[in-house]
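The two complexes that follow have chain A in common; it is paired with chain B in the first and with chain C in the second.
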Partner chain A sequence: MKMLIGLLLPDAGTISIDGRTESIHDPLTATALGIGMVHQHFSLVDALTVWENATLGDTGRLDPSATRDRIGEIAEQYGLVIDPDKRVGDLTAGLRQRVEIIKCLRRDPSIVIFDEPTSVLTPEESEQLFESLRHVVAAENRAVVLVSHKLDEVLHATDDITIMRQGRVVDQRYSTDADAPTLARAMVGREVSLRSERAALGIHSPDDTDLGGTVPAKTDAVLPATAQPVLRIDRAIAHDADGVVALDEFSLEMYPGEIVGVAGVEGNGQRALGDVLSSLLTLSSGTVAVDGTEVPTGRSGAMAEAGIGVIPEDRHDSGLVLDMTVAENLVLVDQSRAATRGLIDQRRLNAFAEEMIEQFNIACGGPNAPMWSVSGGNQQRVVLARELSQEPKILVAAQPTRGLDVGAIEYMSHRLETAAASEVAVLLISSELEEILELSHRIIVMHSGRIVGEMSRAEANFETLGLLMGGTAA
Partner chain B sequence: MTAVTAGAAGGSDAQPLRTGRWTRLSEWFALYGMSIFAALVLSAILVEATGGDWRPVVSALFDGSVRRPGRWGETLATAAPLLVVALGTVISSKAGLVNIGQEGQLYVGAAIGTYFGFLIGGPGPINVVLILIIGAAGGGLWAGVAAGLRYWRGVPEVLSTLLLVTVGGQAVAYGLRWEWLLLAPEGRRGNRNQVSEQLAPDNRLPRPDLFGNEFPLTVFIAVVLAVIVAFALSRTVWGFRLRMLGRNPRAAQRSGVSETRYGAMALMLSGAFAGLAGAAMFTGGGFAFGNYQMVPGFSANIGWTGLLVALVAYEKPLAAIPVAVVFAGLRTGSSFVGSTGVEGRITDVISGLLVLALLIPAAVMFLRDRRRARAAATERV
Partner chain C sequence: MTDLLSAVYEIFSSESTYLNGALFAAFLAFAATGEWVAERSGTLNISVEGMLLGGAFAAAMGCHLTGSVAVGLLTAILGGVLIAGVQAEMSHRLAADQFVVGLTLNILVLGLTGFLENEIAPETTLAGRWEIPVLSDIPLLGQALFGQRWPFYILYLLLPLSWWLVYRTRWGLELRSVGENPQSADVSGIDVNKRRRQSIYYAGLTCGLGGAFLIFGHIGRFEDTIVGGRGFIAIAAVIFGGWTLRGTLAGCVIFAGALSFRLSIQGLGYDINSELLQALPFVVTIAGMAIFAHRVRAPAALARPFIRGLR
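Showing the complex of A and B:
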């Protein structure tokens, strides 16, 4: 997608438009070739009015009245009514997207790309949008590319479907030939599992040995209903920075010793869930309670203090301070183990760091190496070491194996399993279904900030999960 | 800073770091040498071009800052408030805040200290300490206005601290027009119309005399403060958390460092240091600083220059000591250049060029470090 609008250059291969091979090296060329895109994340300037935003990227002199007239025309033609003089910052998410669409259509593109257009729209608004899209295609001979993970809308609004997974086209068919289950299967895919392949070849990571004992056998047993939940999220509602609802009446209970997998297509509230449990996001309503005690959301350090450890989705965002040393990063959350009466005891800090480095096999230039000098996989180990050394009651692992190599993935999985075996409740948020199916005792599926399905490991399979992730009831 | 204590496991790996340190040091020297030389050459050309002779100018710079009797005392006396202001600036920048209103915080702090000093008028030594404390509190409160605006209303502190300099200047000038505030009573202000009373001799900071060089006690206070700040930032939990906030606010939020609390504290502390510097200028007196009287323009650019000192010292409290002395020397030295017959404006340009020469290496190194860090980060991830 980024390639088509000139933000990314292909390493190999060509792009042809109307039979001519074109090279798109910047967004302006893309516009000139008639490619327009409506982004999922708005590229609008809040402080400017609607018509001003529509002219962004134009060159030469502005003609306010002509632009306003053109917006009026487009609005009438496609049923996208909007006041051109309103400030974009004052508009709702749905209306902002309308501005994006108008901005794109104003340039009269022959190919329009929509990236997850309905993620911020209400069902009626989506319906309306698809109707105007049909009109655009039929009456004006434009091509529309709709990028979406919602199976329903893909089936209803399109003529051809191409299914992509990990940068590859895995399937292509006519919408009339397709149904939700086949799409779901193709979408989540079933390749030879990296893990099972390794097991078959008898390869073991050297890390296996330092776990001190055998990894417990996985239990699919449902935990006794009488146990007290260690974490309880009750009807949580949260909004992201754009004001879009990220968590919508999200409720979850977790018990000690279980691994709960959170499946779902990315961008369906998983990040918000992680942020809430890291005290980075305040709930608009709803509560979070640990061991029956309510924890105030968004108050710095409250979640960590209550016993929630977090391996964040992006470790550079809230997991590490790159300009501090490895040792300092190991005591980021709790300095008390290296301090007496408010003074940091360098010797104790180093001793603790050495211990962690050894225990977790962190490859680095010693406790005083700056964090940025350590490789990604080892940075992740620092985070893991710190969070586990806090002896958390709950461990949130958000995309814990993203970008790691196979050995590191295996190591992380073992660690999560041992944590669960020692009565830690592990919340595994991952967009990789395989990971979830391998580790979880219980699986919940998130869609648009809501839990749309919950099942035990035994009940789960790729197809049902895929359907739920696509927003279709199984 | 901490690599010296690298443990056994890191011993072999720490080696490249240490050799890196030596190259760094020589890079620093080379950069400073080059830029100061360039500034001197430019200055010489300027003096020659305007019909002067560059040799006496250089000589006058040295005379004024160290060579003439009593001059290095004067330089140290000037360096002390610069250092105190710089230390405050280091604290706020460590927390990731950009305080550029030291000039106003210093002025307001000094004025508030002056007001209460005359109001209370207690016995000598006690009153001096009181003025210093109240001055610090005043500067802190003035910075607190910016902190409040930032954390309740989201006003960037870069803007608010800067604009509050102007507001503070006007407020003090207003105070100097009314007898119930700062203005000295009729008959005790000579023929000047905006001046406070003079501080009684027993209400002044002692000025020890060393080898014919006299300077106020502030010099020792400032050095002690530098050591305390250096220690607090690198060795206390408080400093640790402050640095965490400055380097990654989101990690800090997650780890229980409240941005509002620590950030406001850092900004107010930074203002308090500026206020303390102002109160010390007032009670320490001396030729440069108003002669124990509050006057318009009392702050005498010490706040701005102190900010530069912190910048050049690269946010390191101990490095700020020599840098403050160098800047003070430039100031006391250039006051002598006028006597060589070179026009006053040219003198200003020369000291400006020298200040630039001191700033450029820090800026170059900063950009370079960042580029290196980034390259290293992308390479290893």
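Showing the complex of A and C:
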């Protein structure tokens, strides 16, 4: 998508428009070629008014009244009514998208790209949007590209469908030939290379090879029925930085010793869930309680103090300080192991670090090696060692194996299972279904910030999960 | 105590207080207007101090070489824009840290002009005084606003022009969008760093004019201490004013009032510790910032460098 509108240059390959090969090196060229895009993350400036935003990127004299008139025309033509003098920052997400669409259409593009357009819309708004899309295609001879992970939407609103996974086209078919289950299967797919490699290495017995088949149930997932929940999230509502609802009445209970897998297409609230449990995000309403005691959300360190350890989604961004040493990173959360009255005791620090390095098999040049000199898998081990050494009651592992090699993945999985065995509640947030099916005792599926499905490991299979992730009831 | 009160009364009823106040306020306003434009585009341009001093020195040199105030005005603009050029190209083309560049520039210009002043000792004249008929006869404020040397009146053109540029032209719209959300502006096809460079050049222009005003409209000769930290007060005025031109001007007037008050009370022979008095304008600035700064909304991308692809 970014390539088509000139934000990213292709390393190889060509783009042809109307049979001519074009090179799109910036957004202006894209506009000139008749490509318009409605962005998922809005390309709007909150502090400006609707008409100011609509005219942004045009050239020539600024003409407020003509711009307002044009907005009025488009509004009438497509049924996208809006007040041109409102500040964009004051509008709801649905209206903001309307501005985005108007901004795109007023340049009269021949190709319109919609990137996840309904992720912020209500069902009625979506319905309305697709009606106007149909109109745009049929009456005005434009081409519309709809990027979406919602199967319903794709099936109803399009003529033909291309399924992409990890930058590759995996399937192409006419909408009339497709149904939800086939799409779900193609979309979820299997990480064939990775998992079969592990199987070949004899690290782990391969799961059954049938995509739609049920994965055999785990026998060790026995939960004491009388146990008290160690973590209880009650009707949590949270908004992301754009003001879009990220968690919508999200409720979850976790018990000691279980691994709960959170499945879902990325961007459906998983990140917000992790952020809330890392004290990075404040809830608009709802509560989080650990062992029955409510924990204030959004206050730095409160969650960690309450006994929640986090392996963050992006270890460079929020897991480690790359320019500090391995030892320093190991005590970032709690310095009391190496410090007395605020002074760090170098010998105790080193002793603790060496113990951790040995216990977690961290390959590095000793406690004083700078973090950046350590490989990705070992960096992740440092995070893991630090969080587990806090003896948490709950461990949140967000995409814990992303970017790791096979051996490191195996190690991480093993550690998570060991942690669960020692009565830690593990919340595994992952976009890899394989991982979730392999490790979890219980699986929840998130869609648009809500739990849309919950099942035990025995009930889960790729197809049901895929359909739930696509927002279609199984 | 009654002594002091009567002195304060005397100060407020004396024309010279307002005259001095207007001179200080005008100088701040030249600088703050440009700084305001630069900040709206997302640059917290701390090299104002250097731009002012460079502009003042260039003004003095222009006048020294040709004997003409008008030429001095032009060289002042060149001087201000030259320093703005270093800031703009370094921070918004070569992606150097804008604060490091600004700090370095301020120190560099201070040293350089001090040295050149010693070597050359430029001779300058004051510009002619223009008394605007009728208006200059208004009691108390007439002389302050309409009886100044002519470079003062450039401000009366510069302020509406700046406002119009920022709020009523496409350039201004793009500039504001770049200061609020550079990623969105980029996606819309606007060259973010170019707009930011241009706005710094504009600050260079107004600071150059400010420096020239200081030489020809107020002091009459160049010294390396004539700006004396007031570039930073101009930055404070923009923040104090909540990034609107009106508020920025109000900030300039208030801070200039404190400067003028200090001068007047000393002139009356009151024995107040002079170091303490010197600090007064800065105390007022800090107090003003403490009270007002958190109530206003800064341009969302202020002081954040723009690199395409990073979100």
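Here is the rule we use: the second predicted complex is superposed on the first by the 436 of 474 C-alpha atoms of A that agree within 3 Å, B and C clash if a C-alpha of one lies under 4 Å from a C-alpha of the other, contacts with A are read in each partner's own complex, and residues count from 1 in each chain.
The rule we apply is simple: contacts are C-beta pairs under 8 Å (C-beta built on N, C-alpha and C of every residue); 3 or more make two chains touch, one makes a residue touch a chain.
Since this is a predicted model, take the numbers as computed values, not measurements.
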Practice task
Could you check whether chain B and chain C clash or fit when both are placed on chain A?
Solution key: clash
Problem - Partner chain(s) touched by A:60 [first = chain B, second = chain C, both, neither] - result: second
Practice task
Name the contact category of A:148: first (chain B only), second (chain C only), both, or neither.
Solution key: neither
Completion exercise
Of chain B and chain C, the partner touching more residues of chain A is B
Exercise for the section: Could you say whether A:367 touches chain B, chain C, both of them, or neither, answering first, second, both or neither? Expected result: first
Exercise for the section: Once the structures are superposed on A, label A:297 by its partner contacts, choosing first (chain B), second (chain C), both or neither. Expected result: neither
Practice task
Determine, under the contact definition given at the top, whether A:448 touches first (chain B), second (chain C), both, or neither.
Solution key: neither
Exercise for the section: Figure out whether A:268 sits in contact with chain B (first) or chain C (second), or with both, or with neither. Expected result: neither
Exercise for the section: Determine, under the contact definition given at the top, whether A:44 touches first (chain B), second (chain C), both, or neither. Expected result: second
Exercise for the section: Would you find which stretch of chain B runs into chain C in the superposed arrangement, from 94-102, 166-174, 310-318 or 328-336? Expected result: 166-174
Fill in the blank from the handout: Dual-contact residues of chain A, meaning touching chain B and chain C, are none
Handout entry: Residues on chain C engaged by chain A in the complex (per definition of touch)
Key = 168-170, 173-174, 176-177, 180-181, 183-190, 297, 299-300, 308-309, 311
Problem - In the complex, chain A residues that touch chain C - result: 5, 7-8, 26-28, 31, 37, 39, 41-48, 52, 55-62, 103
Problem - Of all residues in chain A, those that touch chain B in their complex - result: 278-280, 299-305, 310, 312, 317-325, 328, 332-333, 335, 339, 342-344, 346, 350, 353-354, 357-358, 364-369, 372-376, 379
Completion exercise
In the complex, chain B touches chain A at residues 2-3, 5-7, 9-11, 13-14, 17, 235-238, 240-241, 243-244, 247-248, 250-259, 373, 376-377, 380-381
